[in-house]
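Okay, so subunit A shows up in both of these, paired with subunit B first and subunit C after.
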Partner chain A sequence: MDVQSENSTPSSIDVSFIDGEYLVFDLEAIKSLRNDHHISGILIGTLPQVPQQSVFLGLPLQLMPEEAALLVQKGIGRIIDEEASHGLLMSTDDDYDDSRRAQERIAEIEKPAGESRDGLLVYSTPAVSGLTDKVVRSESAVSSIYDTPRFHVYKYLHGKGFFLSPGLRFGSQFLGYPGDPLRYHSHYLVSGFAFDEEFPLIDLIGSGRLGTGVKKAWMVGACVPTGSRRRVNNAGEIEMVIKDEAEEDFASFCIEWAGFG
Partner chain B sequence: MPPKNRRNLNALYPDSLPVKVTTLPPLIPHNPISLCQYAYALLLGPFISGFKQPVRYTASLEKTSDSVSSYVSGIFVESEQDMQALWRSGFFGKGSQSRSDPTWELRVVKRLNIPGREGMLAPEELTARRREARKRMKNERALAEAATTLGREIAAPALISDVAPVEIANEKLQVAEQVMAKKARAEDENLLDSNGNIRRLERLEITPQEAFFLTYALDVLDIYDDHTGDFVSAPHLLGLLMPDWRPDNEFILKYVVYHHYRSHGWCIRNGVKFGVDYLLYRRGPPFSHAEYGIVILPLYSDERRNQDSRRDWAWISGVNRIVGGVKKTLIMCYVEVPECIDTWHTVEELLKSYKVREISFKRWMPSRNRD
Partner chain C sequence: MSQASNQDVGTSMMKSLNSTPTGSSSSRPKFGSQGLADRAFNAASAENNLINSDLAHRVKLNLDLQHLWTDLSVHRMPALSPESFKFLDAEELVFVLGRPTDRLYATDLYDADGLPSHEWILPVRTESNWSIRRWVSVFESLEAFTNESIKRILMAMYTDDSTVVYYFVHNGLIKPRKNG
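Right after this comes the complex of A and B.
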């Protein structure tokens, strides 16, 4: 980890890493994510004015690990380790001797009541404010995500201009929106697999049914490994061919039920 | 479902399993006459009227071999009588040309207008009529609602005009039926033999679990090897269906669950159309929709294997959404897998080494579940 000062790159988006979650607290950054980088994320904060509802939520914005990883990979954002930053903040206070501070405080309290207003003692709490240094997690902290099937499919669809949101509600990894989720319904239930990964055939039936039932398609995709790929030739045999450089390195299929829904 | 319909169904499907039960007269210990009656029925029962002779059904087993081994590719009931009997008592199997019950022949007879079955209705016709009636009912309801909301003066003409759509709908239905009946396909000639009789192309396909249940548990089904013609006994069938003899073999896991629910009086059928392993019907598909969807999850004593075979949360969420969307409840059926099973065990000992536990899973939202 390296310590950087606050204003390293002006356009860099700070993603706070707190207790395993990726959060964004800056409203401008959230706007930029949505408008410039089509990452919508999920607002998870309660609104202080209307705390008894969960329909409209406020800051912070939670990002999926894939979203955070993509921001780092593209150099758009950086991950701030808030725990370490907090430690750093506290440690700068170390030279301020605790016992001396206690003494000062006692002296303050024991002063004659001349400083009290309306018979009440007024204490001033020394507050730390101003710019502080942040501990930035190095890229290696998220680079393990780069090589997961989830990240491959996320990056592929994101690169095609899709907005993606978590797909847990529909039993998939992501939901794929052709534009801003506020404007469009999602078109795809997205599941990324490793190339040649096997899954039960009954999942294909179930996910296809679920997708078609809500007017979506189940999209499965995998990153084609570099080097060679298999292809079914005209005789119906599977043959290995060297992958063309220009060829897309991602294979995807959509599954829907016919005559249903 | 209206009670009239229900009576009809009870007459059509009286038995919940393909076994015939004859009740003996009541036995009262201090009444010597009842004792005599009981002994008479017990000893001479098979020869008196009212005794139901045990029925046996026949199925054929087909095998496919690849380069490594041969495996069972299907078990079929060929005779028309057995097909109908197995469907009517317990709803076993699926017609190879039909969605569930073997109605292909009736459908084709109706479609080609072959005389002889005029009185009978193919299930597809029943569905079409039901849908038409439903549409008519909705139409009438909409008009009635419009009448109440708009007031009297407009209500009167609306009620008169509502006769017309119903008549049109009736006419449409008749025309559609005629068109359906006349439309013959080019390949229809192949369906008839030289005497003009329809060829029997449909057979009842039964799942390995159903076949084993009928042979082993009920002992009403005789299975013969399609290729050699040899009789396949229950233990032999088990060997064919689980050749690897692993404790967590897919067949035995599914069979344990199948046997469990059949023993408790449920009608259990394959749930592949809803992405689950089984569906549970209270009595059977014609009576009511399935109430539960079952997913089978193996439970090992070795925790590491449980970790390996664990499905993710998204999967449960997805399956529950499919099952919940068709108003069923998801049951996660855990089968405790024994450490090892021995080939010399009897089938009964083998089944006793498995345990079944269920967890019912339902999505609950405080805002929507307030009744």
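Right after this comes the complex of A and C.
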């Protein structure tokens, strides 16, 4: 029953962009995401015969926009525009040469399909993505995510080795796990803010109490703009703290109920 | 108050408290006199009352009488970035310092005298807003004042009905505590 994995991890992970969602269909890529890049994502594929069940979910893996953006930013993955790729294949061009060439390529790719796979997983679904040249979305398609407080806090915790999953169940942006979510409970309900973004203290009470009630802390944080930190120097004067430019300054705080009051 | 006989006791008490001349020239609401007029005052000026010594003394009283803390004192310190706050009395932050009846964390160390160590408490109003910048500024100011690194503070959130709730604010990432 042992599925042999090729030792070579794919050099670039293809993330399919379909109808606004980021999906990964390749099992090796999913393993690499989890083992090498501590991104777990969520399996959303269900069984065709029992589409209502949500216990045994399989491929594809859905990524959060921040995960997809991080993969692109780090050069680990690329975003495939599946609609455009599909259109490229299906384009009914008047040009005879093009359609004949497409036919040839279809025949060429369909021939070895299925057989070369190791016996365990044989899909009757045609591997459409293999048929055509992939249309890669440029980095600008996700770079707007780079400047969001959500992405900042995602990147900060991810960089510290945390796994993050959607935080909807606890009303936060993410849940932060100190290791693989299959092995650890989450430590944090995570909310990213802009440095000056104001939130009602009632939110602190609600999230802090909820977090403590489920043995977690409410972790909040923001990127600190350069020159925002102060300290008192030896002469007793207030001065700006100048940080190393290369290092992104991120301020994080953990909120817990004090246990009384 | 003779015509108040058909009112319930609570309302007439509140009325009498509000209508009783205090004999003081201060316009600030007095402790225990949170009538409707005061509520309106508080809602309108929640930001103005964000941090002040009046609030600090009420929190100190709550820690003293309800939670039996000892060695309580109020400290005023300059805010290193007063512009982070919309309003401060004389650009100062006001903290309460005190000693709980027992350590608040199972992992906390006791002081040399065997007593739990002191905690810094920042009193704020529940109606106010907060931001990450304010926490950064609060920790900077407290560290400058105490000249030591501060890992955590308590925030005391004071409500119009005189409920006070207390929350830890840890500077940086911590492991959540195991005991509930």
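Some notes on this structure:
Note that in this section the second predicted complex is superposed on the first by the 182 of 261 C-alpha atoms of A that agree within 3 Å, B and C clash if a C-alpha of one lies under 4 Å from a C-alpha of the other, contacts with A are read in each partner's own complex, and residues count from 1 in each chain.
By our rule, contacts are C-beta pairs under 8 Å (C-beta built on N, C-alpha and C of every residue); 3 or more make two chains touch, one makes a residue touch a chain.
None of these values were measured; they are calculated from a predicted model.
Within the superposed three-chain model, A:His187 lies in touch with subunit C and out of touch with subunit B [touch as defined at top]. Of the two partner chains placed around the shared chain by superposition, subunit B is the only one that A:Arg169 touches, whereas subunit C remains out of contact. In the superposition on chain A, contact is made by A:Leu210 with subunit B only, not with subunit C.
In the superposition on chain A, no contact is made by A:Ser40 with either subunit B or subunit C.
By the document's definition of touching, of the two partners only subunit C reaches A:Glu197; subunit B does not. In the superposition on chain A, A:Ser16 makes contact with neither subunit B nor subunit C. If you count the residues of subunit A touched by subunit B and by subunit C, you find the higher number for C.
In the superposed model, A:Val220 lies in contact with subunit C only, and not with subunit B.
With the contact threshold set out at the top, residues 202, 205, 213 of subunit A are in contact with subunit B in one structure and with subunit C in the other. Listed in rising order, the residues of subunit A touching subunit C in the complex are 160, 178, 187-188, 193-202, 204-205, 208, 211-213, 215-217, 219-222, 224, 228-232, 238, 251-261. Subunit A makes touch with subunit B in their complex at residues 167-173, 202-203, 205-207, 209-210, 213. Residues 62, 66-67, 80-81, 104, 124-133, 135-137, 140, 143-144, 154-157, 164-178, 180 of subunit C are the ones touching subunit A in the complex. The part of subunit B that touches subunit A in the complex is made up of residues 272-277, 313-319, 321-322, 325.
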